[in-house]
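Please go over the structures that come below.
Across the two complexes that follow, chain A remains constant while its partner is chain B and subsequently chain C.
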Partner chain A sequence: MVDVLETAATSTSAPATRAPRRGAGLTPYLFLLPYVVLFVTFTLVPAGYGLWISLHDWDYLLAGKPFVGLDNYQALFDSASPVFDFFWQSMQATAIFTVFSVPLLVTVPLAIALLLNRSFKGRTFFRAVYFAPYVLGVAVIGVLWRFLLDPNLGAVNALLGAVGLPDDTAWTTGLPWAWISLVGVTVWWTLGFNAVIYLAGLQDIPRELYDAAKVDGAGRWAEFRSVTLPGLRPVLLFIVINTILASSNMFGQAYLITQGAPGVETRTAIMYIAEEGLRSYRMGSAAAMSYLLTLALLLVSMITFRLFRTKD
Partner chain B sequence: MGRMRGVAWYSLLGLLSLVFIAPVVWMLTTSFKSADEATRVPPTILPENPTTGAYDTLFTGDSQTPVLRWFLNSLIAASGQALLVLVVASMAAYALARMEFRGKRIVFALIIATLFVPIFTLIIPNFLIIDRLGWLDSLMALIVPGAASAFGVFFLRQFFLGLPRELEEAALLEGANSWQIFTKVILPLSKPALATLAVISFLTNWNDFIWPVYTLFSPQNFTLPPGLGTLQGAYNINYPVIMAGAALASIPALILFMVSQRYIIEGVSRSGLKG
Partner chain C sequence: MKPHLTRRGLLGLGVGAGGAVLLGACGDDGPNPVVGGGGENAQPAATNYTGPNVALTFWNGFTGGDGPVMKSLVDKFNTANPNIKVTMNVYEWADYYQKVPAAVSTGNGPDLGIMHVDQVATNAARGVVLPLDDLAKSLQLTESDFSPPVWQAGVYNGKRYSIPLDVHPLGMFYNKKVLQAAGLDPEKPPATKDEYLTALDKLKAKGVQGHWATPFPFTGTLQFEALTWQFGGQLFDDKATKPLFAEQPGVQALTFLTDMVKNGYSPKNVAQDADLIALQNGKNAFNWNGIWTINTLRAVKGMEWGVTALPTIGTQPAAWAGSHQFVQFKQRTQDANKLQAGKVFINFISQQSLEWAKGGQVPARKEIRDSPAFAALKEQAAIGTQIDNLHFPPSVPGIPDALATVDTAVNEAILLRKEPGKALADAAAKAGQILEQNRKKYGG
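And then the complex of A and B:
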C-alpha cells in the first residue's frame, strides 16, 4: 500500500507528453465504466449508505425506520444501554486477539523469510509448503482445527499425552486456551502470506549494501540491523498495518473453532456486529458499531504510520 | 555448506514443513476412517480399515447437506467472479495505465482509499443493496459484489505499465483503435498476469466465508464454506464426514495451487508491495 500511494502520486502527476493522445474523448471512460459501475454500487455507495443507516433506528423487519441522529453511537457509550456490555466485550476480544497475533505474525514470518532467503536446493518447494495453508479457506482450517483441538478426540491433546504432557486441555472452551488456539491457528494459517511478502522485500535489497557491510567487517547481527531491517522498512510498515487490519477482522476462526466460547469471551467485534445486524436485523446499531470500529482502526493505522516515520 | 550442516539445515526445513503439512494430511486420513475408529483414544495414525464410508454418507446425506450441489455452486461462483474480474479489471487497468483523461487522479485516489476500508463496514449496507437487487440467497450475491475489489485493477495496471509501448505505437500507426490495441496487443501480451489474477480471484471467492454465511439461507444455495459450518453442526463429532467435506473443499484449491504456485506466490507477494 505504501508504494501504491507513491506510484499514485508520481504516475498521475507525470505530464503525458510522451504518449500519443489516444485517450481522447469518451474512450477512457468507456473502458472504466464496467468497473466503476461495480465500484460505485458495492463500495462507494455502501460506504455512505452505512453511515446513513447508522443514524436511524433501522430494523430490517420493520416498516418504520425513524431517524435517531447519533443515538446509536451514544448507546455504545452508555453503560445502561442493552448493547453496551456486549459491544465492549466483543471489542475487547478483538483487541486481545490483535495484540497477541500481530507481534507473532510480524516476527515469525520474517524469521522464515530469512531462512528462505538463501540459495539452496528445493527453496521454491519449501516456500510453497509454508505458504500452502493460506490457500485453504478459513472454513476448511476452521473445521479442521476444531477437530484437531477437540479436548477428547483431537490429535493435539493425544500428541501432548504421548510425550507425557497434560492431555485434557480445553483448547476450544477454556481460558486462556481458547485464545492460544485462535492465535496459534491463525499464525499457522497466514504465516506464509507475510513470509512471501518479506521474501520479496528481502530480494529487493541491493546486494551491494551487503557487500559494503562485509567490507566494513559487520557480523551477521550488525548486517541484519544496519542493512536488512532498514531495507525492509516499507515492507515492514505494510505488513504491520495489513496484519493489524486482518487480525481485527477475525471472524471465521472464532465462529467455527470456539463459537465465541467460553460464554462470549472469544466473540469478536465482527461476530457481534454481524449477529446484531444480519441475524437480529438491528442494522442501525450494528452499522454504528462498524463505523466506530473503523474509526478505531484508522487511528491505530495512523499511529503506526507515525511511528514508522519518526524512526528516521 | 558442509555435509553435517546440510543435514541439519534440511532437517530444520523438513520439521517445519511437517508443521504445515501434517494437519492437512490428518484431515485426509481421517476422512477414510470409520466413525468408530475416529473416536478412538489414542487415535490411529493411518486408517486401520480404510473406508470411503464418510464420503458415501456425505454424498447421500440428507437434504439439509447437499454437498455436491455446494461444490457445483462454489465452482460456478468462483469461476463467474474470476471471469467478471478479468473483464472489468483489465479494461479499467488499461485506461489507468495508458490513457490520460480528466478525473483520473480522483478515480485512482478513490480506488486506493478503499484499500483502507475494512470489509465489515460495507457488509450491512451491501446486504441491503443485494436485497434491493433481489439477489439475496442467490449466486449473484456471491459473484458480482466481490468483483468491485481493487486488487485486480492495481495488479493489472502495474503489469500494463511495465509493457513496452512500441507494439502499441506500431498498431496505432497501422490505424488500430483503442479497443483493437487492447484486445489484440495488450491482452495477448498479458496472459501470465491474467492467469495469475484469475487464479487468485477464483481462490478468494472459493474460500469466502463471512459473506455467504450471511447472504445465503437455503441449503440448496450454499457454497462449500458455509456448508462446512452446517456439516459441523449436523455431524457433531462424526469427524470423518466433516473431514471428507473439508477435503472436498480443499482439493481443488490445493491442485490449483500446485500447478500455479509460482504465479500465485508472485502475485501475492507483489500485491502488498508494488501493486
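And then the complex of A and C:
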C-alpha cells in the first residue's frame, strides 16, 4: 500500500499534484463526517432543543406546553420561588465538592505517577493496584463505601475505635464528615485514571532534559520544577479541566453514599436537576438549571485556560 | 458514569417530544370509546376471552423475591388461557417510572403494568394509563371487596385507573432473643405507648438501644407518616390544596422519633438500612419496617424474630402502607381484543392473590384476606390486621413531589440539625409551593 502510494507520488508530474490537493480538500471533512453526524445528532441538536425546552413549562406527556419566556430562569434568581433555595443549595454542594476534590485529584495522582515512573520491583503490579478501583462502577463503590462508612456499624469506625480513636464519626450523615467521605471515596476511586495520564505524560518528557539538568547540577526538586512540571503542562491542563468537569458532574457517589443527607446538604446540582426534570417532570425548569450550570462550567473552564496560557 | 446518564436523559426528552406530538393527535380527551363499552367487541364480563390469539406485555418492578412469584402466576395464567400469551418484563422501579411514560408516548408501551398507589394519579393526569371503570363494573368489584382507602386510592378525577393487587403496610419487627435478654416477653410485644417506652427503658438498662431511628425515607419518613395519622393528623387535606403535616400531630410524631435519639433509645446518625442490620445483629430490638422485610429476615439463619402491628403511640392505631395496583397503558391504536384479554389477566391474578401474599404481601381482596389460608401465613396475617387503619396520600397528580419535602424534614430532625417543628414548617412552606405549581400544571 505504502509502496504504491510512493510510486504514484514520485512518478507523477504537474497535473497529478493538483489532484491530491483537491482530494486533500475534501478528505479531512469526509473523515470528520461520522463524528460530526454524531456530534450534531447527540450534542448540538439536543442542546439547542434543551434551550427551547427551557423557555416552556414543559412536560413531554402533557398536551399544553405553555411558552413562559425566561420565567424558568427568573425563578432561579427569585428567592420566593420554590426552586430558588434548593437550586442554589445544590450548586453550593457541587462547588464545595469541586473545590475540595480537584486539588487532591490533580496532586495525589501526580505524586503516585512520579513514584510509579521509577523503576522498582513489582512496578506493574502497583500500577494495576492504583488503577483497579477506577474499573469498578459507581454503584459498586457507592454501596461498598456506604456500608464501610456506616456511622454505627461500619468497618471504618470499628477500626478507628480499635486503635483508640473516636469511633462515632458520622461519616455519611454529618458535616463536614459527609464531604470528607465523598471527596475521599472519589479520590480513591478515580485517581488511577489521572495517574495513568500523568504517567504517559512523564514518559513523553525527553530523557536528555534530565541529563542536561544533572549536568547543570540540579537537585531533585529543581529537576521536578524545571523539567518535569513544564514538560507536563499540556497534560496538566487536560487533567485540570477534565477533573473540574467530572467533579462538577458528581452524582452517583452522593446519591448512593449520603442520599443528599444531612437534609439536602450533599445533594449536588446534577442530582437536583435530575429530580426536577425526571421525577417531578418539570423539564423546562430542569433545562434552565442545566443551562445555568453549563454557563458556570464554561466560565470556570475559560478561567483555567487563561491561567495556563499566561504561564507561557 | 455521568455522561451516560445525561445522554439517556436527553434521549428520553427527545423521544418523548416526538411522541407527544402523536399523543396530541390522538386526542387525550377521556376514555377510549371501546373502553367505555359499546364497542363491537364489548363483552359483558371480563372473566373470559374468546377472541383470536393475542400477545400481551406486562411490565413491573418486582426485582426482589416477589419477581419469581409473579412469574409463576403469569405462567399459570398462560397455561389456563391458551389464546392469551402474557410476557413479563421486570425493571428497577425507579427506572420503570421513567421508562414507561417514555415508552407509552412513543407507542411502544406495554399493555399491562403495576403501579404504586401514589403514582396512579400522576400517570392518569399525564395520559399514561387508561380508565378501568368498566372492568370494575363488569367484574362487579366494589369498595366492599377491598377496603375503602385502598379502593379509593385508585380513583382520580372521578374515574378509576387502577385495580388493587396488594397492600404492603409497615409492621413492627422484633428480635425475640434481645427482648428475652432484657426480661421482656417475646410473645407479647408492646402495643401501647406506655408499654413501648417501658420496654425501651428495660432494654436501655441492658445496654440495648431498642428503636434505631433512621433519618432516611425508608423507613424514617414512613414511620413519621404512620405516627402523624396515629396522633389524628393528616399529611395534606383531602384535595391536597395545602400541607397539614406541620401541624400539631405531625410535630408530635416527629418529636417522638427525635426523642428516641435524644433519650438514648436510638444511636445518633443511623445510616440507610443500619436499623434493620442492627436488628439482625441483636443490637436493636424493634424495627418498624415494611412487610417486605419478612423475606429479608427469613433468610437470616438462627435469628428468632416476630412481627406485629405497630404499637399505638398516638391516640388511634394507624400505619403507613403502599399498594401495588394493576393498570392498563394507553396505546397508539387501541386493540379491543388486547384490552379485553388484559382485563381477564388482571381478574385472574387478583383472584390468585393468596399465592402472591406468600411472597410477602397482604392481598387487597377482602375474601382472600379473610380466608383461613391467609390466616395460616402467620407473619403476613399479623401485619394484615392493620388493614382498616391504613392511609394513603391523596390521589392528586404530582403528590410524590410534595411528599419529598417531608423526607428532608424527617432527615434534618432525626439527625438533630433542626427542631421537629421548624423542620416541618420549612418543608410545609416548600410543599405548599409545589402543590400550587402542580395545580397549575395539571389543572384542577
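FYI, the second predicted complex is superposed on the first by the 269 of 312 C-alpha atoms of A that agree within 3 Å, B and C clash if a C-alpha of one lies under 4 Å from a C-alpha of the other, contacts with A are read in each partner's own complex, and residues count from 1 in each chain.
Keep in mind that, in the parts below, a residue touches a chain if its C-beta (ideal position, glycine included) is under 8 Å from a C-beta of that chain, and two chains touch if they have at least 3 such contacts.
Just so it is clear, the model here is predicted, and its values are computed rather than measured.
Undergrad: Just checking: does A:Phe31 make contact with chain B only, chain C only, both, or neither of them? Give me first, second, both or neither.
TA: Touch partner of A:Phe31: chain B, not chain C.
Undergrad: Have a look at where A:Val138 lands relative to chain B and chain C in the superposition and call it first, second, both or neither.
TA: both
Undergrad: Now for A:Ser280: first (chain B), second (chain C), both, or neither, which partner does it touch?
TA: second
Undergrad: Output check: A:Tyr49 vs chain B and chain C. Expected answer is one of first, second, both, neither. What do you get?
TA: In the superposition, A:Tyr49 contacts both chain B and chain C.
Undergrad: Just chain B (first), just chain C (second), both, or neither: which does A:Ser79 touch?
TA: In the superposition, A:Ser79 touches no partner, neither chain B nor chain C.
Undergrad: Who touches more of chain A, chain B or chain C?
TA: Here the partner covering more residues of chain A is B.
Undergrad: Does the superposition put A:Ser119 against chain B (first), chain C (second), both, or neither?
TA: In the superposition, A:Ser119 touches no partner, neither chain B nor chain C.
Undergrad: Can you list the residues of chain A that touch chain B in one structure and chain C in the other?
TA: 42, 46, 49-50, 53, 60, 137-138, 146, 150, 152-153, 249, 251-252, 270, 274, 277-279, 283.
Undergrad: Hey, which residues of chain B end up touching chain A in the complex?
TA: The contact residues of chain B facing chain A are 1, 9-10, 12-13, 16-17, 19-21, 23-24, 26-27, 30, 38-39, 41-43, 87-89, 91-92, 94-96, 98-101, 104-105, 107-112, 114-129, 144-145, 147-148, 150, 153-154, 158, 161, 165, 169, 172, 178, 181-182, 203, 206-210, 213-214, 224-226, 228-229, 231-232, 237, 239, 242-243, 245-246, 249-250, 253-254, 256-258, 261-262, 264-265, 268-270, 272-275.
Undergrad: Using the touch rule from the top, collect the residues of chain A that touch chain B in their complex.
TA: Answer in residue numbers: 1, 3-5, 7-8, 11-12, 16, 19-23, 27-29, 31-32, 34-36, 38-39, 41-47, 49-50, 53, 60, 112, 115, 120, 122, 124, 126-133, 135-140, 142-148, 150, 152-153, 155, 158, 161-162, 188, 192-193, 196-197, 199-201, 204, 234-235, 238-239, 242, 245, 248-249, 251-252, 255-256, 270, 273-274, 277-279, 283, 286-287, 290-291, 293-294, 297-298, 301.
Undergrad: In the complex formed with chain C, which residues of chain A make contact?
TA: Residues 42, 46, 49-50, 53, 57, 59-63, 65, 81-82, 85-86, 137-138, 146, 149-154, 168, 170, 172-174, 246, 249-252, 259, 261-264, 270, 274-275, 277-283.
Undergrad: Using the touch rule from the top, collect the residues of chain C that touch chain A in their complex.
TA: My answer: residues 1-3, 5-7, 9-10, 12-14, 16-17, 19-20, 23-24, 28, 98, 101-102, 104-105, 122, 126-128, 212, 215-216, 267-272, 274, 277-278, 281, 283, 398, 400-401, 404, 408, 411-412, 415, 417-418, 430, 433-434, 437, 441-442.
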